[in-house]
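Below are two complexes that have chain A in common, paired first with chain B and then with chain C.
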Partner chain A sequence: MTKILFSDKLDNCVERWKSAGLTVIGPVQRANISTYAAVEHASEFDFGLVLPDRSIKDLFFPQSEPMLRYTIKKESIDTDECLPPSGPRIIFGARPCDASGMAIDDPLFGWDYKDEYWFQRRNESVIVTIACTKADDFCMCTSLNMAPDSTKGSDILLRPLAGNKGWLVEELTNRGREAFKTIADILQESSDLPAPLAVVEKKFDLDACVAWLQNPENFESRFWKEISMRCIGCASCTYLCPTCHCFDIQDEGDTYTGIRRKNWDSCSFALFTMHTSGHNPRSTQSARWRQRIMHKFNYFPGKFSVNSCSGCGRCSRQCPVDMGITETLQEISTLSL
Partner chain B sequence: MSIEEQYRTRAKELLSGGAVKMVIGYGKGSNASRRRPIFISSADDVERLVLDDACITNLSGYLVSEGLLSDEKRVAVFLRPEGIRAINILAAESQLDADQIVIFGFDVAGNEVKALKGIHVEEFSDVITSIKESAPEAAEEELFEKIEKMSPQERFSFWQEEFSKCIKCYACRQACPMCYCRRCIVDSNQPQWVNTSSHTLGNFEWNIVRAFHLSGRCVECGNCDRACPVNIPLRLINHRMAEEVLGAFDHFAGTSKTQEPVLASFKKDDSETFIL
Partner chain C sequence: MKIVARHDEAPGVRTMKLEFQDAADHELFKETYRTGMFGLYGVYGEGESTFCVASPETRKDYIECTFRQSGRVTSALANADIGDLITFRGPYGNRFPIEEFHGKNLLFVSGGIALPPTRSVIWSCLDQRDKFGKVTIVYGARSVADLVYKHELEEWQERSDVDLVLTVDPGGESPDWKNRIGFVPTVLEEAAPSPENCIAVICGPPIMIKFTLISLKKLGFDESNVYTTLENRMKCGLGKCGRCNVGSVYVCKEGPVFTAAEVSLMPASDL
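This part shows the complex of A and B:
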């Protein structure tokens, strides 16, 4: 016997969590874009999406974050630190690739300086993940040694029942158990079986790719130029990526008063590594694309023992010129044979 | 022979005879409905070229990639009428020498692909004139009509909501053949003319600056609109500006390679005193 949360009871749960002071967030379709956003009622959720266009990263690492306000006076400088808006929240209906993406970035945001913006939000969020029963051409979690029901980064895993009736509940962490205590009486015992998981075909041999990337001889391979010739150098892939985490710090204001912000930045941009002198160590798009792949599958795992990719496929799905990590690693797989 | 085969044959002839150094066209994409830009430099690879109704991306922007045309060799490129207009503008704005461009012209009606006759940009002037006379598709769109009927406040709210979705990935700029500046104004930080933040104000600044910069230059190929990962209907704002320029100056962008840029030129006898 397992605990079941029936779909028609979800609105009661939303009410319960709201009255317990939690902001309830989940996948929604709004203004022609799907994203994770706060809801008032369960009816606003869209569980039919393979995954939202925008990744869950937005909730932990927003595109533009105020860090401090400053006023420069004659003899002093006043500063006023901006901390992230706090408050507990429950993210209901994350996808396993999105939830694991946040766990992948935890060591990055904590290794030298503990990023309080990231960790405050991480510590105040319960992630309730729904296992995937459908996938599209771009899903590639299995190629990254993950699965449509991976639990990494999740506090609760829900397995959908056939016919959208509800979900089997698997409590994974204490934080998840706490949040589900508030709805303990709404859950029901049942012997219903979960619907079959999505079939996500394995698209490349990750170990072979990593070995090829780690071979210093391949750093200057012609492959990089060929694969990225059509790259237009936008940041669609990096900004939709749940694990891409680069940012820039900018002061906005005039000579006397302003605000310091932490804004997303992207290795796809020529400006990303431009020196004050005008020299750019990554002067071509191929060098920039190589950096992105090397960072995710060579440098990041070298430091944190985990690949900086959770297999969501957004990079390929949304690329204006049909590029992406999948194609690049598929090509590398064949090169390394 | 299908148009695809005809163009493959032509590409093979041009490459093997050395008449062009490269053919920029479309190849198979990562699934059945996708096509991707490909660059063919060897006559042996022409079989990779695909031409069907899914070939939508305007490829003209690749021609102004740094260094591509600097050896004065010719490059062939698959272009729809909008792409051909873009070549005219790029030539008029001294970004390329139109004689270096060999055009594989095509158009799509319904799901049928038809070849456009001609090789050099000046041979397509009839096609361009006929587009000027028929209303572009965006004008027939329901959403466009709806926005036109809005009050200024409603229209402002509409664009505020749309621009608030912007993440400043600059896919619109990078996908646009007219955004060829080696350093865009938003990337200039001494001084920082435009906020880099993607808050609502910063997003307004970016999108409005771009809309103005494209006025009288946009060919409405739709590259920006399709590239936008957050689905902002950029085609509508560009179409509105194109209509404005057409009405005020009778200027239809990209009719010839010697067409004077409408907002980057002036006449001494202009009726507006602030001009001189």
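This part shows the complex of A and C:
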């Protein structure tokens, strides 16, 4: 016998969590884009999506956020550090690839200097993940040694029952258990079996790709130029990626007051690495795409022992010119034969 | 930090002397700062720029920085007056391990606006001169006007315990120029310092570094005895924002100081 959360009881849960002071967030459709956002009622959730267009990264590392406010006075400069708005949250209905993406970035934001912005939000969030029973052609979690029911980064894993009736509840962490205590009486015991998981076909041999990437001879391979010839450097792949974490720091304001902001940036942009002198270490789009692939599958794992990719496939799904990690690693798989 | 002095080194190149406003910050700087480290200098409303701390680790009552006015932040810094406040974050990064250089001869090779990081090491060593052997400095710029720290170059030229070789690129000489004419790597090869028991510290634009490394190899220098500092674009200085990476190396955390042996392991075309 396992605990079950029935779909028709979800609104009660949302009410319960809200009265317990939690902001309830989940997958929703908003103005032609699907994303994770705060809701008032369970009816706003859209669980029919394979994956929202935008990842849950936005909830932990917003596209733009203030770091400090400054006021320049005659004799002094007043500064006010801005920490993210505080408050516990429950993210209901994350996908396993999104949840694991946050866990992948923890060591990056935590090495040496601990990023308060990231960890405050991480510590205040309960991630309730729903295992996938649907996948599309772009999903590639299995190629990254993950699965439609991976638990990495999740506090609770829900397995859908057949016919959208509800979910089997697996409590994974104390934080998850705490959040589900508030709805303990809403959960029911049942012997219903979960619906079959999505079948995600393996698209490339990761080990072979990594071996090819680690061979220094391949750094100057013609392959990089060929694969990235059609890249227009729009950076959609990096913005939608749950694990891409590069940012810029910019001041916005008038002469006397303003805000220093942390904004997403991207290794796809030519200006990203451009020196003042005009020298640019990564001056071509192929060098920039190579950097992105090498960083995710060679450099990042070398430092933090985990690939910087959770297999969500957004880079390929949303790419305006049909290239992404999947296409690149599929090609590398054939090169490394 | 308060600007307490400033002067122009060359057209568009300025040095500023900065003093801490907070005693605790100053103490922390004194504890942490070693030559080779860098900082982010900023003006609210304009942003921050990364450059080295140009003053040596033997003089920690203040910070000196030298920069070329070329973008938004450096223009704002150049417009700042004596008495104005600017921001400083740092010191960040690793350092030149100068205690490992004790008892050895030192060769400094530098070009143009890259003298400031070299100068920090030079004075850190000259301020404890008896701990090191022969000191040779090879410095060049595009033209006579572009040479920075002109007053210090004169001082080094007059010192009997320093060998200074000055050069300007062909065409950059003035009628009264009495020093060498030629590119730094060529002049270095002519000066032919001995690699015996010698540490080389080289800083310059990427193209100068590339050819200087070749010249040093010809002269017989071992890659592990050659140090350089990589001046990549940075924003956070804390190993997060991603732009200073060369291969798997975060220049802001594992650098900016590397031996030529370490640099040779990095992907050359990403430097």
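Note that the second predicted complex is superposed on the first by the 337 of 337 C-alpha atoms of A that agree within 3 Å, B and C clash if a C-alpha of one lies under 4 Å from a C-alpha of the other, contacts with A are read in each partner's own complex, and residues count from 1 in each chain.
One rule holds in what follows: contacts are C-beta pairs under 8 Å (C-beta built on N, C-alpha and C of every residue); 3 or more make two chains touch, one makes a residue touch a chain.
Given the structure is predicted, the values throughout are model-derived calculations rather than measurements.
Participant: After the superposition on A, what does A:289 contact: first (chain B), second (chain C), both or neither?
Facilitator: neither
Participant: Applying the document's definition of touch, where does A:248 land relative to chain B and chain C: first, second, both, or neither?
Facilitator: In the superposed model, A:248 contacts both chain B and chain C.
Participant: Considering only touches as defined above, state whether A:320 meets chain B (first), chain C (second), both or neither.
Facilitator: The first partner, chain B, only.
Participant: Please indicate which partner A:229 is in contact with in the superposed arrangement: first for chain B, second for chain C, both, or neither.
Facilitator: Only chain B; A:229 stays clear of chain C.
Participant: Give one of first, second, both or neither to describe whether A:138 is in contact with chain B, with chain C, with both, or with none.
Facilitator: After superposition on chain A, A:138 lies in contact with chain B alone.
Participant: Just chain B (first), just chain C (second), both, or neither: which does A:36 touch?
Facilitator: It touches nothing on chain B or chain C.
Participant: Kindly classify A:219 by the partners it touches after superposition: chain B alone (first), chain C alone (second), both, or neither?
Facilitator: Second partner only, chain C.
Participant: For A:281 in the superposed arrangement: first (chain B), second (chain C), both or neither?
Facilitator: Second partner only, chain C.
Participant: By the touch definition above, which chain A residues appear in both interfaces, chain B in one complex and chain C in the other?
Facilitator: Shared contact residues on chain A: 248, 250.
Participant: For the complex, give me every residue of chain B touching chain A.
Facilitator: Against chain A, the touching part of chain B is residues 29-31, 34-39, 57, 61-62, 161-162, 165, 167-171, 173-175, 187, 192, 195-199, 202, 223, 226-227, 229-231, 233.
Participant: Please output the residues of chain A touching chain C within their complex, sorted ascending.
Facilitator: These residues of chain A touch chain C: 70, 72, 76-77, 79, 108-109, 111-113, 115, 216, 219-220, 245-251, 253-255, 258, 260, 265, 267, 272-277, 279, 281-282, 287, 291, 294-295, 298-299, 302-303.
Participant: What residues on chain A touch chain B, complex-wise?
Facilitator: Listed in rising order, the residues are 31-33, 53-54, 63-64, 137-138, 229-230, 232-236, 238-240, 248, 250, 252, 261, 263-264, 266, 269-271, 316, 318, 320-324, 326-327.
Participant: Considering the complex alone, what residue numbers of chain C touch chain A?
Facilitator: Within the complex, chain C touches chain A at residues 44-49, 68, 70-71, 74, 85, 205-206, 231-233, 235-236, 238-243, 245-248, 253, 267, 269-271.
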